[in-house]
Amino acid sequence: MDPITDDLRALLRRCSVATLCTQLFKRGFRNTVIQGVRPLAQGPELMVGEAFTLRYIPAREDLDHLGVFNDPAHPQRRAIEAVPPGQVLICDCRGDASAASGGSILLTRLSKRGVAGFVTDGGLRDSPEIAHLKFPVYFGGPAPQLNLARHHAVDMNVPIACGGVAVFPGDVLVGDGEAVIVIPRHLVNEVAPDAAEQEQLEEFVISEVRNGASIVGVYPPKEAALARYQEWRKRGGKN
Amino acid sequence: MDPITDDLRALLRRCSVATLCTQLFKRGFRNTVIQGVRPLAQGPELMVGEAFTLRYIPAREDLDHLGVFNDPAHPQRRAIEAVPPGQVLICDCRGDASAASGGSILLTRLSKRGVAGFVTDGGLRDSPEIAHLKFPVYFGGPAPQLNLARHHAVDMNVPIACGGVAVFPGDVLVGDGEAVIVIPRHLVNEVAPDAAEQEQLEEFVISEVRNGASIVGVYPPKEAALARYQEWRKRGGKN
Amino acid sequence: MDPITDDLRALLRRCSVATLCTQLFKRGFRNTVIQGVRPLAQGPELMVGEAFTLRYIPAREDLDHLGVFNDPAHPQRRAIEAVPPGQVLICDCRGDASAASGGSILLTRLSKRGVAGFVTDGGLRDSPEIAHLKFPVYFGGPAPQLNLARHHAVDMNVPIACGGVAVFPGDVLVGDGEAVIVIPRHLVNEVAPDAAEQEQLEEFVISEVRNGASIVGVYPPKEAALARYQEWRKRGGKN
Amino acid sequence: MDPITDDLRALLRRCSVATLCTQLFKRGFRNTVIQGVRPLAQGPELMVGEAFTLRYIPAREDLDHLGVFNDPAHPQRRAIEAVPPGQVLICDCRGDASAASGGSILLTRLSKRGVAGFVTDGGLRDSPEIAHLKFPVYFGGPAPQLNLARHHAVDMNVPIACGGVAVFPGDVLVGDGEAVIVIPRHLVNEVAPDAAEQEQLEEFVISEVRNGASIVGVYPPKEAALARYQEWRKRGGKN
Amino acid sequence: MDPITDDLRALLRRCSVATLCTQLFKRGFRNTVIQGVRPLAQGPELMVGEAFTLRYIPAREDLDHLGVFNDPAHPQRRAIEAVPPGQVLICDCRGDASAASGGSILLTRLSKRGVAGFVTDGGLRDSPEIAHLKFPVYFGGPAPQLNLARHHAVDMNVPIACGGVAVFPGDVLVGDGEAVIVIPRHLVNEVAPDAAEQEQLEEFVISEVRNGASIVGVYPPKEAALARYQEWRKRGGKN
Amino acid sequence: MDPITDDLRALLRRCSVATLCTQLFKRGFRNTVIQGVRPLAQGPELMVGEAFTLRYIPAREDLDHLGVFNDPAHPQRRAIEAVPPGQVLICDCRGDASAASGGSILLTRLSKRGVAGFVTDGGLRDSPEIAHLKFPVYFGGPAPQLNLARHHAVDMNVPIACGGVAVFPGDVLVGDGEAVIVIPRHLVNEVAPDAAEQEQLEEFVISEVRNGASIVGVYPPKEAALARYQEWRKRGGKN
């Protein structure tokens, strides 16, 4: 699978997750937003990248002790160095945020490596420090407890569940100040331009509403509003 | 039902939801605060207004497609233009915040129309934009998914449940930085002055406690403290 | 039981809850972080203090009316004046945050009395005001409803549950910007120095990672990294 | 809306809810089974009937006292006498089964009136007695607490939510030993025969599997199995 | 506190929990039925007895190991031998039924000792065996995990929470095939006769409904029905 | 990995899940019982067998349509024919029992193939029919909705989560009338005989308790009781 292009990334960065959601809903997808996960830190731009997955199952006392991290092949540690720059590391913690799936050291390393972001439906420890990274991080909540207490890292780059949504390696993840959406890889090339177009139309609509327009005939726009929209576009998006 | 008076609004704006809660508790009401709902945006003053209700039931795939918004009679869109200025639009989404019950366009329109606020126990999309409106908004959480994916708008101005509380059209809703309370309409004229009085007494109590007083004899105030309170009121609420 | 020493307090204040968690995990404790509780207000330093407990059971209509606060022996009011300076008042509200276990007057009083902090797995009313106190407060969420509506204060200084964790009077509570941990009293003297040492090592690790190091061989540190760490310590913790 | 015919009832009684579910899934409906509701009592046949709805909102202390039942216009009591024979009374209790939405007297009355069944996502009191009625009853759980403690009956024959599913008056409800499904009224005439056909095919498949067949080529059936199925039908469904 | 009399026990045994619930609701009590707890075993009669309480807090790994049962002063084991015959042992497990609060040996011992019943909002192990005891047992669910894994027995005969309800030692517990109710001790002498009277009236009402009467004028009974009721009573409760 | 021996199976069949739980607890394992799963059907003996796993992630509308079952390589269908006789098919449905992970046809096939049992933390359709199979089945609840509506079968024989417990292929599953336990494979040879021994001791203890013994000195047994136990064993387990 080829990496997504810079043009596609740029296009997606102009779209909110809400708008992408509408485009997927139109195509019959009703379960696309990762549930129970919120932004902890933000980068300078929207998070956009292909999914690189890490899967956890429940911890077992004999397998999950502090000694495991001495093994460089431990899947969690391996994933941190294996996720390619530009991709997003996304973890399946079965929605259990009572223990961490990472902390400030691992998240700092990801940000230094040029990774596009981090998503977990588990917890994160050192969350106040992570909040200061200029790096997109989405999580289930603060959890000082270490992952070994609840989570056993088992494999990477397999299809996973995250926050109730199916995530296949290579799916495109977009995260804004609200949430993260999973775009099935084969749809991203058609969804992105439609979403960008919708963004522009909604920008026009909101400018009309700010100027006092009723939503009737404007949202969604009927003929007259669509004509004004075309004018507005010609004027470069100015009222 | 006559609209509530400006005097009553002013009186209620001097009261916290906590204080109004105590007044309703005194009168035998134990379930008055909308649960699972928090402030997203705040106006320049506390939110005060009569309830104008909108009811959703679960979505059904054949009824809830994007085409429905072309119908100006769609209950959600109709409610946005129908709620009278000074009232609060409040939605029953069955506490399901996994999909939106509105977004920045609709909320902007409400704020432009002079509506007093918006409350939903469902989600809201475009929540980062809505947070910048100078308009009281209370919600169940950010949800980029559009309402059609989970919620079917069915009727308006009927009694509803919101966050586990009964809301009848015309009930008075007050929202502060903490929560929203539902005051049964027939009680608001007696609850408001009692709550305002309680606010003043508690302001006195906290000033004493800030000055080092024990709570014994002061909270609740016994005779000596009540005498000091009368002095304090005469001094215009200064220690 | 003697109070904990100032040296021990100072040592604990240099440790995050996450680090203390690791130290207790090492010793076989997997359930040490209070769940469902988050910071509302912060003092100038981390919260450190011995647990002074207050236990609630569900309210009963005939027992829990506003008149009870006229009795200075009411356990909630008594606890406010009884918790010794330097200790933390911690409440068992059975994880029910739909009603308050305190408000701004009681919390102000605690802060004036030199108490070390307040923790509840119930709610708090007047939460926007409490957020401005320079006093460590951890809670289950904003709840304008008064405690009498759900909670009956029953006794103090007995072992309790708080957020799913056992808390014995005298256990040491540490709270940072993320969470509160319960350190069994008999372990605090060995846990504190080990945690402080771990903090320093992790500070070194993160400085290396910020400089571009891979986590391999560094986190956890192998021989070479440990040698660099010793150098770093000699240099006073500077790269 | 005409009542459903006896032929249609007979056809639906030959179908399990699971099979009807598959037929609706085929047509794009994924949310058709009432959640959190289980059988309490069974009639001599599967429950089949049109939905007659009753809606509850949360109780309010001043409105919901024992005196209300003296009013024959109370919606709950009115619904009991108003639901036509052959229809199913279905209640929206917001999924709160901590209080009843009926008891043995009301359920006995429904069974005497020739009503087709009763469904609630709330509780039922006197559940051990109701279990002995020869009458289809589905409920959220036993709840001796009376409805007034949590539920305020507000209106009937409006669209409702029940167990997370939209129910419009006149929709066809089918209940078996497992669950209740809501069939949108306009689809019932096409869904019923397809489901009855599917039942027959699955009866054939299970007879083959009982005889030792692998599921490969049999479930779903490929050409050879379909040929055997045609033979089996000719033989009157015997192996 | 004197034990309850045999007459009172006999009176209460003629009442369902639902009826007792109505009587307490009438007196302003809305939270009287233990939630999340169901019958596992039944004795020959309804369970009636005074509450003898046992309180658990969360387990701690160093305190809750198998060795503790060697100590005859362990609160769980002590409670088994201490609860007086005729009383009910009721446990506060914080509603956590993922571990047991007893098993077949302890429950058998209770039944041999003449204890009136056992109630827990935690789990029970050996539940299939316990189901065969002729002894009233109510529980949160089957849980083979031993109590030490989650629950630390801490004290007995203190006020507790069980299934969301306050239970004071000496309160009267009544359990039928549906649920367990907590009757505040000071009310039992007035509640019992009123409930027994209500039972008789409802027996009459249901007999009329079985004979085809409408509920209008009968439930609740108006003048004519009340007259028939008086006749019915004279006839010794026969139609 | 060699299959477990018939001797080991026989030994495990003499042990309840509760007893096996105690043995694992003794060895430091606190999370061994599958949560949220209950028996639906029982075979002639306790379920004992090695885990053969099937993993589901959330469904996606474009991937999970009825056509997929035409593909014999579909993981769910493949697993049904692939699980070796004597092993248990266990499914990870993320604890979501709102849709099925099988129905009567597939379960009948498993029972015909000599498979040892079936466990899912999802739902099952046709549950009333399955309840009549003489085959051990454990499930999260009845769910007529087909798996495609919520679950996407993704791979088999990988480590999974089931009901909050880690399950590795080859782990030994034991199920009785109460629950299912997961015994890590490397421990089963030591756990089984110890559990069988414990069963015998507890049989003795319960016989003493049935004869009126106090639990003091008997449970756990002190010297005198242990002596009687040795006698009892010599007598072949008779009092």
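Labels A, B, C, D, E and F are assigned to the chains in the order they are written; within every chain, residues are numbered from 1.
Throughout what follows, contacts are C-beta pairs under 8 Å (C-beta built on N, C-alpha and C of every residue); 3 or more make two chains touch, one makes a residue touch a chain.
Nothing here was measured: the structure is a model prediction, and the numbers come from that model.
Colleague: What chains, if any, are shared contacts of chain A and chain B?
Modeller: C
Colleague: Quick one: which chains contact chain D and chain F both?
Modeller: E
Colleague: With over half of the numbers shared counting as same, classify the chain A/chain F interface as same or different.
Modeller: Both copies touch with mostly the same residues.
Colleague: Just grab the chain with the largest centre-to-centre distance to chain C, centres being mean Cα coordinates.
Modeller: Between chain C and every other chain, the largest centroid distance is to D.
Colleague: Hey, how far is the Cα centre of chain E from the one of chain F, in Å?
Modeller: 32
Colleague: Distance-wise, how many Å sit between the C-alpha centres of chain C and chain F, to the nearest whole number?
Modeller: Each chain's C-alpha centroid was found; their separation is 40 Å.
Colleague: Residues of chain E touching 2+ other chains?
Modeller: 30
Colleague: State which pairs of chains touch, listing all of them.
Modeller: Once each pair is checked, the touching ones are A-B, A-C, A-F, B-C, B-D, C-E, D-E, D-F, E-F.
Colleague: Along chain E, where are the residues that touch chain F in the complex?
Modeller: 66, 69-70, 72, 77, 80-81, 98, 100, 103-106, 108-109, 112, 125-128, 142-146, 148-149
Colleague: Going by the contact rule set out above, which residues of chain A touch chain B in the complex?
Modeller: 16-18, 20-22, 25-26, 30, 32-33, 35, 38, 176-179, 181, 202, 205-206, 209-210, 212, 214-217, 219-220
Colleague: Over in the complex, which chain C residues touch chain E? Could you list them?
Modeller: Within the complex, chain C touches chain E at residues 28-31, 57-63, 94, 152, 154-155, 158-161, 164-167, 184.
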